[in-house]
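Notes to accompany the following structure.
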Amino acid sequence: MIITLKTGASPKEIQTVIRKIKSLGYTPHISRGVDKTIIGMIGERAEKFREIFEAMEIVDHISEIEKPYKLASREFKKENTIIKVNGVEIGAKKITVIAGPCAIEKKDRLMEIARVVKSAGAKGIRGGAFKPRTSPYAFQGMGEAGLKILSETKKATGLITVTEAMNISQIPLVAKYADIIQIGARNIQNYDLLKSVGKISKPVLLKRGMATTIKELLLSAEYIMAGGNHKVILCERGIRTFEDATRFTLDLNAIPVLKKLSHLPVFVDPSHGIGIREHVPAMAKAAVAAGADGILLEVHPKPEEALSDGPQSLLPEQFIRLMDELKILARAIGREI
Amino acid sequence: MIITLKTGASPKEIQTVIRKIKSLGYTPHISRGVDKTIIGMIGERAEKFREIFEAMEIVDHISEIEKPYKLASREFKKENTIIKVNGVEIGAKKITVIAGPCAIEKKDRLMEIARVVKSAGAKGIRGGAFKPRTSPYAFQGMGEAGLKILSETKKATGLITVTEAMNISQIPLVAKYADIIQIGARNIQNYDLLKSVGKISKPVLLKRGMATTIKELLLSAEYIMAGGNHKVILCERGIRTFEDATRFTLDLNAIPVLKKLSHLPVFVDPSHGIGIREHVPAMAKAAVAAGADGILLEVHPKPEEALSDGPQSLLPEQFIRLMDELKILARAIGREI
Amino acid sequence: MIITLKTGASPKEIQTVIRKIKSLGYTPHISRGVDKTIIGMIGERAEKFREIFEAMEIVDHISEIEKPYKLASREFKKENTIIKVNGVEIGAKKITVIAGPCAIEKKDRLMEIARVVKSAGAKGIRGGAFKPRTSPYAFQGMGEAGLKILSETKKATGLITVTEAMNISQIPLVAKYADIIQIGARNIQNYDLLKSVGKISKPVLLKRGMATTIKELLLSAEYIMAGGNHKVILCERGIRTFEDATRFTLDLNAIPVLKKLSHLPVFVDPSHGIGIREHVPAMAKAAVAAGADGILLEVHPKPEEALSDGPQSLLPEQFIRLMDELKILARAIGREI
Amino acid sequence: MIITLKTGASPKEIQTVIRKIKSLGYTPHISRGVDKTIIGMIGERAEKFREIFEAMEIVDHISEIEKPYKLASREFKKENTIIKVNGVEIGAKKITVIAGPCAIEKKDRLMEIARVVKSAGAKGIRGGAFKPRTSPYAFQGMGEAGLKILSETKKATGLITVTEAMNISQIPLVAKYADIIQIGARNIQNYDLLKSVGKISKPVLLKRGMATTIKELLLSAEYIMAGGNHKVILCERGIRTFEDATRFTLDLNAIPVLKKLSHLPVFVDPSHGIGIREHVPAMAKAAVAAGADGILLEVHPKPEEALSDGPQSLLPEQFIRLMDELKILARAIGREI
């Protein structure tokens, strides 16, 4: 990091900073301008000590040089990470589509949706058994009964399954029934939960929070990876901005930036991101064109009966049409679905 | 809620909506303009059914009329909630100042800080034993050993104590040692954690998340209150905006708005909010002038040795001076510290 | 609009609101719930009177029903607006690419760039003669000399030309030399400037401001159209959010939303939007996939010598490669470049 | 500035950067870590060349060291700037309150308001003759007739006057009738307008835009000062965030930050900032407590008849009460009103 001192720092004050840097085992690099002195402290993990210097009265500000995450970085691992789940290769040439209802509601309904999405080319089915709802009075999910339905749907169709764990105690249960554990946007900085999924071997789909920077998303991935689980899928799902014409602002800029900074697969969830059914296909197509490795989509045959997220769920016929368009698009950019 | 239909809705489509409203037990109120039809569905809990209508193709959009929270609302309870903790009345005429280091580091240090803040007029001591840190490589807190130090400090000084619980399993431990359990900004929508503190009787200090709207903050309070625990203290601590000259944008607008919408006490944390030591006093004074019921402040005698948040911690002499200023200010607005 | 009254409004207070609505020539539609009364005031231009009711003490809040813009709306004109400029049809099946340097610097340079972009398939050349720079000490543009160079480049290549007018007095000059007048993001609510370009017949490229909602963008377009000039091209170029890994957050969600709400052509400027050269192609492709009618791109053969925006300008070889990719993509979605 | 090179920069690439720095007349300061090389280029106006280096492929990123503004900075002028207007000292110990309607509507009304605000202790009257309205169909102001009314009100009461100029051609007119020229939030980056008010000698009240950073606000002030007019008053009036419970998010954090970075007086406009009448007093008090040098307030005796901003205008009796409270508060912090 680079430590910029306040204008008029005395030689004695400069020495205090230099001594501190040396005491931490680093070599200080001093540059003096006419009225500014800056001191470089370069080397692995230097960022760890950032606050020590920031807290000194004589320090004006700190500029970061090193990245604060390591295992998640492209510098640590050059080639793309490919995560294999029941024969599906996530992060490889093929783009993975995973679709389904927001919440699991009943067995027949999920099976019906699973058949539609599978025949249209999706590789996985999604659906929540534990639902993080803004209101305590809203439907909170079916719990284990929902997980069982998900598991039976998998057996019947061969689709891989994704579902959310909202707290540490749910992890064994979710890991038992599902192929991929989702950590939701609201838990992106629930660090104990991240540490817990870091200790198991199931792949984790990590959704960016609505106020999470790209750097923080990678730091949350680092929490999981530091525990030993390197099978992390990053997922952009919309950030919160002043714009209220859409539910969130799906930040597709994150796709090329994440692919550059990290080797992990990058998914996009346009259903939550834009939050308006008729606009979901445009954003799904844009995500594929921007380089996403996978797309999460909400599908429901009777959105007005859905217990959650009906307004943004595609109808089966809309989903089928979108899949046809995505397949053509994928080929146009040298990939496949 | 008010349901606005798309231009050109047919009588048949209008009937579908009306029938649905009736089937839910509400009376529809229909208003027809030249090319717009709007239908009112007014009554308690109508909001619960919002998504059902939003999901219908013929619906253009929904406008909310009722508030989605109830127990937290000023309409439910007119007079201010006063929470008594060891003789300290939170939410009453006296403004409560709670101060201390970001993290508990060692016994002597905490005791030293506690004596300073008490003699300056603070009523409580704060300090984290479990720390939510952005990086997995940063200091994560002392755990139970820290809680014990906090508890001993309380015995020695009589200060009430506030500390954070980051997950469900920590709640019994934190409740055993501390007077007030803090739910941090990053856990504001960790609904299982909210439900858990809803089942105990200890007061909860609930920090607004960095992308949480005022409505969502009240909904998170509702999660706790719906479980039976009505002792909730709301705390503004800065939201995330485009401005990067400050760590966060401390949103003091939330104070009058929350005091209007809710009967719960409202605290402000200017240390995290603005994140720059020399600017904390200005924001603490502004918070008092705007009507805050309490102020949380970070204090540390050697910020450059602090294991967390040194850059925003006040020095003891700064804290003492600020307390003198706050006392004068409080009297000027008809309150006390 | 829908007027929601405060809980406990008396019959007399309700009458005051009703009388006011009638005095403005509208029919009030009253709906009474258990403790809420709401009154509909539906009809053309009702929004105009919004503040009158919002200012009344008894009014809790107003919900909008009608759109506040008219000429720019899809309801006013169902079919897409196609703007013809020297044989180029903007807003039709073909996607229009307009490329060039941020600022016009010297004749040879612009001619060199024009030849590259034309041979790669662009239909227009862009470049600023008047530059809105954040710092007063930065290069402010060549002025009329730059416009002349732009005009000569057009003669030599046949490309259509786009350049910015920053104030009213520059409009005649810019209109004399350029085919399309750009109104920059920083002038999106410079209403006198909008009115001025509303009185001429040249097409206007209207860039969304960094804090402009989609509704406000359409209202700014309405300012131009209300003056008689209906040739408005809307352009998304990035909004300001908390994310600092990119220069702005290019909001591609705006594309389907604008295409739905308005009949005007929608362009995207990924160069300013993401602001990082290597990530511009991904966003240009995403914009095409999402349905943009045109793309603005910055191209410069020696970015490190550019007087403005070097960091986000594509090198000629990058531009050529991107154009090849965009052509394939355009065909994949049933369009052309 | 500090130039961080990409990992693995070759000696030849490093030399290219060094040569460029030398060619611009600066001395490069090179620091080499294990895999990172950073090069300092320190000195006045170094920032001017930022984009040249940012545009180089081998450069990873640039960290700013110097401030990009000079005349507006506290480093350029240590003591507070005091602007004298007809005996009123703006920026001195006394806090200046300027109040009035949003728009000038008719003579009697303005005179009535002027008498109220004067007797309550305000030093100035505000009111717009040229109104920047989001909708082209809303009231656009009385123009010169309004300025004449403002001028007559001044003669009758002795209050100093503030009104907005929206474009260059209005400046002579506004300067003829008013004491202080306001540049509105929507024109904060209308650089030609800033340059124009930089050439006159009237004080300028410069309102921060809704997406303007503190740094950019100071750069806009620098535009005015670079032209020779150093009488600039900075004004915080709310920024745009995701929070929709308030009209804008009044950013009081800007007060201490601006007072630290700049010698210019800092005003706050809580009426536009929070935008809800009943919450304006809380924010006015908070602004005073945070160190504002002046407060702008909207006052209207019949808000429901106001042609603009009725919902946020204080009633005369509310204004009188607030002034009493502000006077007590000002004394409590060692100032006066």
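Letters A, B, C and D name the chains as they come in the text, with residue numbers starting at 1 for each one.
To be clear about the criterion, a residue touches a chain if its C-beta (ideal position, glycine included) is under 8 Å from a C-beta of that chain, and two chains touch if they have at least 3 such contacts.
Model, not experiment: these values are computed from the prediction.
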| item | value |
| --- | --- |
| Shared chain contacts [subunit C and subunit D, defined touch] | A, B |
| Centroid comparison with subunit C (C-alpha atoms), farthest chain | B |
| Gap in Å, rounded to a whole number, between the CA centres of subunit C and subunit A | 31 |
| Separation of mean Cα positions, subunit C and subunit B [Å, integer] | 38 |
| Interchain centroid distance [CA atoms averaged], subunit A/subunit B, Å | 26 |
| Junction residues of subunit B - those touching two or more other chains | 211, 239-242, 244 |
| Subunit D partner contacts - residues on subunit C that touch it in the complex | 20, 45, 47-48, 51-56, 68-69, 132-138, 140, 166-169, 186-187, 189-193, 195, 209-211, 216, 219, 222-223, 226, 239-240, 277, 303-306, 308-311, 313 |
| Complex contact set, residues of subunit D against subunit A | 2, 4, 7, 29, 31-34, 36, 38, 40, 42-44, 63-66, 75, 240-242, 244 |
| Subunit B partner contacts - residues on subunit D that touch it in the complex | 211, 213-215, 239, 241-246, 249-257, 260, 273-274, 276, 278-279, 282-283, 285-291, 325, 328-329, 331-333 |
